[in-house]
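Structure in structure tokens, see below.
The chains carry the letters A, B, C and D, assigned in the order they are written, with residues numbered from 1 in each.
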Amino acid sequence: MTINLGIIGAGRIGRLHANTLTTRVPGARVLAVADVFEAAAKSAAADFGIPDFSTDPSELMRSGDIDAIVICSSTDTHCRFIIEAARAGKQIFCEKPIAFDLVEIDDALAAVDSAGVQLQIGFNRRFDANHARLKRAIEGGEIGDAHTMMIISRDPAPPPIDYIKVSGGLMMDMMIHDFDMCRFLLGEVVEIFAFGDVKVDSAIGEAGDIDTAKVMLRFENGVFGTIENSRQAVYGYDQRVEVFGSKGAASTGNWHANAVTISDAASVRRDLPLHFFVERYLESYVAEMRAFVEALSTGETVPVVGNDGRAPVLMALAGMRSMRENRPVGLDEVAP
Amino acid sequence: MTINLGIIGAGRIGRLHANTLTTRVPGARVLAVADVFEAAAKSAAADFGIPDFSTDPSELMRSGDIDAIVICSSTDTHCRFIIEAARAGKQIFCEKPIAFDLVEIDDALAAVDSAGVQLQIGFNRRFDANHARLKRAIEGGEIGDAHTMMIISRDPAPPPIDYIKVSGGLMMDMMIHDFDMCRFLLGEVVEIFAFGDVKVDSAIGEAGDIDTAKVMLRFENGVFGTIENSRQAVYGYDQRVEVFGSKGAASTGNWHANAVTISDAASVRRDLPLHFFVERYLESYVAEMRAFVEALSTGETVPVVGNDGRAPVLMALAGMRSMRENRPVGLDEVAP
Amino acid sequence: MTINLGIIGAGRIGRLHANTLTTRVPGARVLAVADVFEAAAKSAAADFGIPDFSTDPSELMRSGDIDAIVICSSTDTHCRFIIEAARAGKQIFCEKPIAFDLVEIDDALAAVDSAGVQLQIGFNRRFDANHARLKRAIEGGEIGDAHTMMIISRDPAPPPIDYIKVSGGLMMDMMIHDFDMCRFLLGEVVEIFAFGDVKVDSAIGEAGDIDTAKVMLRFENGVFGTIENSRQAVYGYDQRVEVFGSKGAASTGNWHANAVTISDAASVRRDLPLHFFVERYLESYVAEMRAFVEALSTGETVPVVGNDGRAPVLMALAGMRSMRENRPVGLDEVAP
Amino acid sequence: MTINLGIIGAGRIGRLHANTLTTRVPGARVLAVADVFEAAAKSAAADFGIPDFSTDPSELMRSGDIDAIVICSSTDTHCRFIIEAARAGKQIFCEKPIAFDLVEIDDALAAVDSAGVQLQIGFNRRFDANHARLKRAIEGGEIGDAHTMMIISRDPAPPPIDYIKVSGGLMMDMMIHDFDMCRFLLGEVVEIFAFGDVKVDSAIGEAGDIDTAKVMLRFENGVFGTIENSRQAVYGYDQRVEVFGSKGAASTGNWHANAVTISDAASVRRDLPLHFFVERYLESYVAEMRAFVEALSTGETVPVVGNDGRAPVLMALAGMRSMRENRPVGLDEVAP
């Protein structure tokens, strides 16, 4: 069974999904791509052999041929397109975060519910081989009862300041992936304490954001967690998770472009880890889209649902308040 | 510019190339697949969206639309198809080894030369990120003048005995990749000394072959090399190369499906390395076909030429004689 | 120049120092060992070739031949012996922690000051090759300005409950080493937030202590830190530190008894890390005593002074209050 | 029970054993050290607290107090001192190689036999934790039946030319350790094929020696082995062994002074491995002497006996002939 898709947004992530969906996802057919910038829509269509393009996302909603909409536009448009797609009876994939505001999110999720369509949120890291292996270790009892967990997540370089300004802030834009990973691996978090500061680039501070953060989390099941984020690790993308429990520990390492070690008179060294998310997480994007298309084909529930998009936003809100007020904040304090 | 291809042979490696060429090689279009077994040809066409299939390879040769032939049939047919394709003016990609017999090979290479077409040999490991990094280390002077090299190449399990019987033997079928790697990294070899034995499965011995070998090589430039092959490493595909020189050493490691370490009461452990060549070398097959199609598009010379297919066969012949006679054998002794 | 030493306390750590001082510390001569248990004192003397033993520590204080006292008795006796030794004009080495009470500590440090003698505190981990290398990386600018740090410190198994009861609690007994490491590497800490719980053994909880803790620290220089402690890592002693900064990161790994990797049909594995502090930190105990004896010989200041013993106790007090009150606690809040 | 020892030879290795025996070997007492250079004998006595020294080794032989002689003098004197010590009824430890000549060796071993004393040969690497772990893996069945083995053994820098000239050549001086390791792990070798050349320093060639070699070995039990030696690895002492078998592989890695990884904008790197044998194998020298002294105390057979000193010399002779004649040489061809 073929799933016909329309992509909204032909920026970096939209093009990444277009490429994946047109070459590496069995059962997927991309019929159209829409972007308010015509040139972007046109070149994406040309580059990935997509038959149709448009500057009007609503055209995709109206198309009778399109089964599912993939929303890759800017965050402020996500809820609007989710609601529109749901009302048009389309299945939906939406990039993270759904929105920065819980009320907006709840409206969108309600629209999805009433329409009886499915919504998958773009937390691609769940589909990464390392994280999947961690989850198997936890669920398979390899490490016993979890006691603590730790995430280190560092980008190679900060995004442009213009992006920072509309990003919702480090916790909403970057740590949101780590909040999701916490939930994916170990369930719900009830309390958060956060330190944050500007250590990398003062322009980020001037834009009202932070670039370095350490967060402590208390899970519902009693596990203690920490997350560390930095916008700049000069050695490249640093993505590590460790879960420690009564029977042992499971830890991920970074991926490198090659497995070559060079020993010379100065050191024993390897080339840097894979530079950023396109390199590091490419296969997870493929796997996430395969899972989406397969769930639609079989009628199964998609693997990352609406509430999986909502909960990390709640965590980000708690983290931001904790940082402002320098005290641990319960998630119940920020829930609407 | 699009290169139109026809694939001969729809077995394991033919299907692998069909998949790669139809999804991950820009500028490639597969027009037809031929296999003497109709069911194989038909299902390959269906599975990879190839418009046409045939039980007669000559049909592909006659097609005016096809620019290049990809030969993935059994080794005993390689030279025949190379000659036929060359005479038809087609560009050619041929799997390794070209043939077991140097006279046959020389006839085929002569046909390619007279036709003025290109022939690329399927030594995919040259396109692997680890081996490419080794070559950069050597050529970039990171390890100085090479003194020694070492290849360990172990399969996870022996092929079926029926395959063993027509394989040309371990040195022609398996070590041929390592012979090519020697040449790729460090140039021509002048002398070979070989030990070989049956240690894995006595049925392999009964079929007249060996399953374990150690080979010592003297390179033209004075480098000393060793190759070790085993048909069975129970922990999976073991593929390592080390080059040692005046300024240091460069060593490759194995690839694993994940970078997770699990520490428990018994050990600190990782999952096994990638199981076999389809997993381990998948990206190198993609890269090799991209290089082939790109060379045809630009008119450049393909990166692995006819003599690169011939030379390792000579090395295999010298290795086999060395093993029989228990003495070092010069390559000049086995040249026609 | 030979330094003549007397050891007070012939328990596990006293015997360890006796062994080290009598075999591997040039310039050291142990003249006597005292322990309230005669059998312990006697057997230590016999085992390590120490000429004299006593059940009365004061005898060592009175001996005109003894230059320095090494205090390895139980924590509750440390301050008393420090004061007595200082008044007797002896140089002093004292195990950690000095005491659980800041007023007691301040009295002892005042006695040391008035007597004009030296006091070295037994924070042996500063003398470990890994931690020393981290410090060189930081001070040598290899990682630029420090932004964050992380310590994971897990014991292989909890101590006996009887020990737990007099230990001062996890933060005073175990995390105290990590608090010292923070200061050694990155300077003073100004604020601490702590989570703690009983996850390993409920008997520890019944004894009023915790066995698992995560702590977040704000350094005076703005660095964010985390420490994780567990009383039980079933895979052995887990001792890791990572410091991350503007130019890179430096991370220590665990030490293993051998560097052998075994690959079999199930996994690629290593034997467990060195089991506990005697194995893992043996060389650091040697180095710490060499540094003590050398400083006394040359008249230089000993490398870990009285305030280095006091400051981590302050940190432990802040951590314990933070845990009780579930809020970040400034070190100034717990200072006397 | 105390074993009283006399050391002959106060050069580098003699001093190393003196240090070890006087500080870290329970039950050992060094009574005297002899060296034809009085200054060497005197300073060794002073540095290690040895009561007596002499320029005449025979004095040690005549001393009624000395139970065992440790021979650390130059190779050309080994057999003479073994015979003299044996006739004096002393237990004997002798550094490797016993001699370069099999007839001389056989005379010495015969003298040991007639005297009914014990002789331990200084193949310290058998006592290294890595090699001991390999042996346990093999004997414990962790890797099944051995099929192949590989040794890489590279020094950080060549010794002085004057030493090269009296060393017996690379195979007798350096590879002898690897020949012993072969026998220690996998038993007797029956055939050797060798490549050797001068790649590091032409002065070594002018002195009639080689600095780089690759050797292939056939074991009595059918295992195929390779040894690689280089006199100069610029990154330091490279000491690795791998044994591969029907159930898996066991491989040793190098030891480093610390377990710190530094990631910066250029690479992910570690400091170089431990520089040379004094650093790398120090604990093995301690363990070998403990084993010697313990065997003498208990009356057990020492762990490395006379024939263990003889057999590798035979292997070196076969290797040297193989290199000269460029053909595999059976060990039976060089036996007297």
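Just so we're on the same page, a residue touches a chain if its C-beta (ideal position, glycine included) is under 8 Å from a C-beta of that chain, and two chains touch if they have at least 3 such contacts.
Please read all numbers here as calculations on a predicted model, not as lab measurements.
S.K.: Where in A-D, B-D or C-D does the B-C interface recur, with over half of the contact pairs identical by residue number?
M.R.: Equivalent chain pair to B-C in A-D, B-D or C-D: A-D.
S.K.: Does A-B or A-D have more contacting C-beta pairs?
M.R.: A-B
S.K.: Report, in whole Å, the distance between the mean C-alpha point of chain A and the mean C-alpha point of chain B.
M.R.: It comes to 39 Å between the two C-alpha centres.
S.K.: As a quick test, compute the distance in whole Å between the mean CA positions of chain A and chain C.
M.R.: 43
S.K.: In whole angstrom, how far does the Cα centroid of chain A sit from the Cα centroid of chain D?
M.R.: 58
S.K.: Which positions in chain A are in touch with at least two other chains?
M.R.: Answer for chain A, listing residues that touch two or more other chains: 233-235, 238, 247-249, 263-265, 271.
S.K.: Within their complex, state which residues of chain A touch chain D.
M.R.: 233-235, 238, 256, 263-273
S.K.: Where on chain C is chain A touching in the complex?
M.R.: Checking each residue of chain C against chain A gives 144-145, 147-148, 150, 152, 154, 193, 195, 197, 199-200, 212-214, 216, 218, 222, 224-226, 228, 230, 232-235, 238, 244, 246-249, 326-328.
S.K.: Per the contact definition, I'd like the list of chain D residues that touch chain C in the complex.
M.R.: 23-24, 129-130, 132-134, 137, 142-143, 247-255, 257-265, 271
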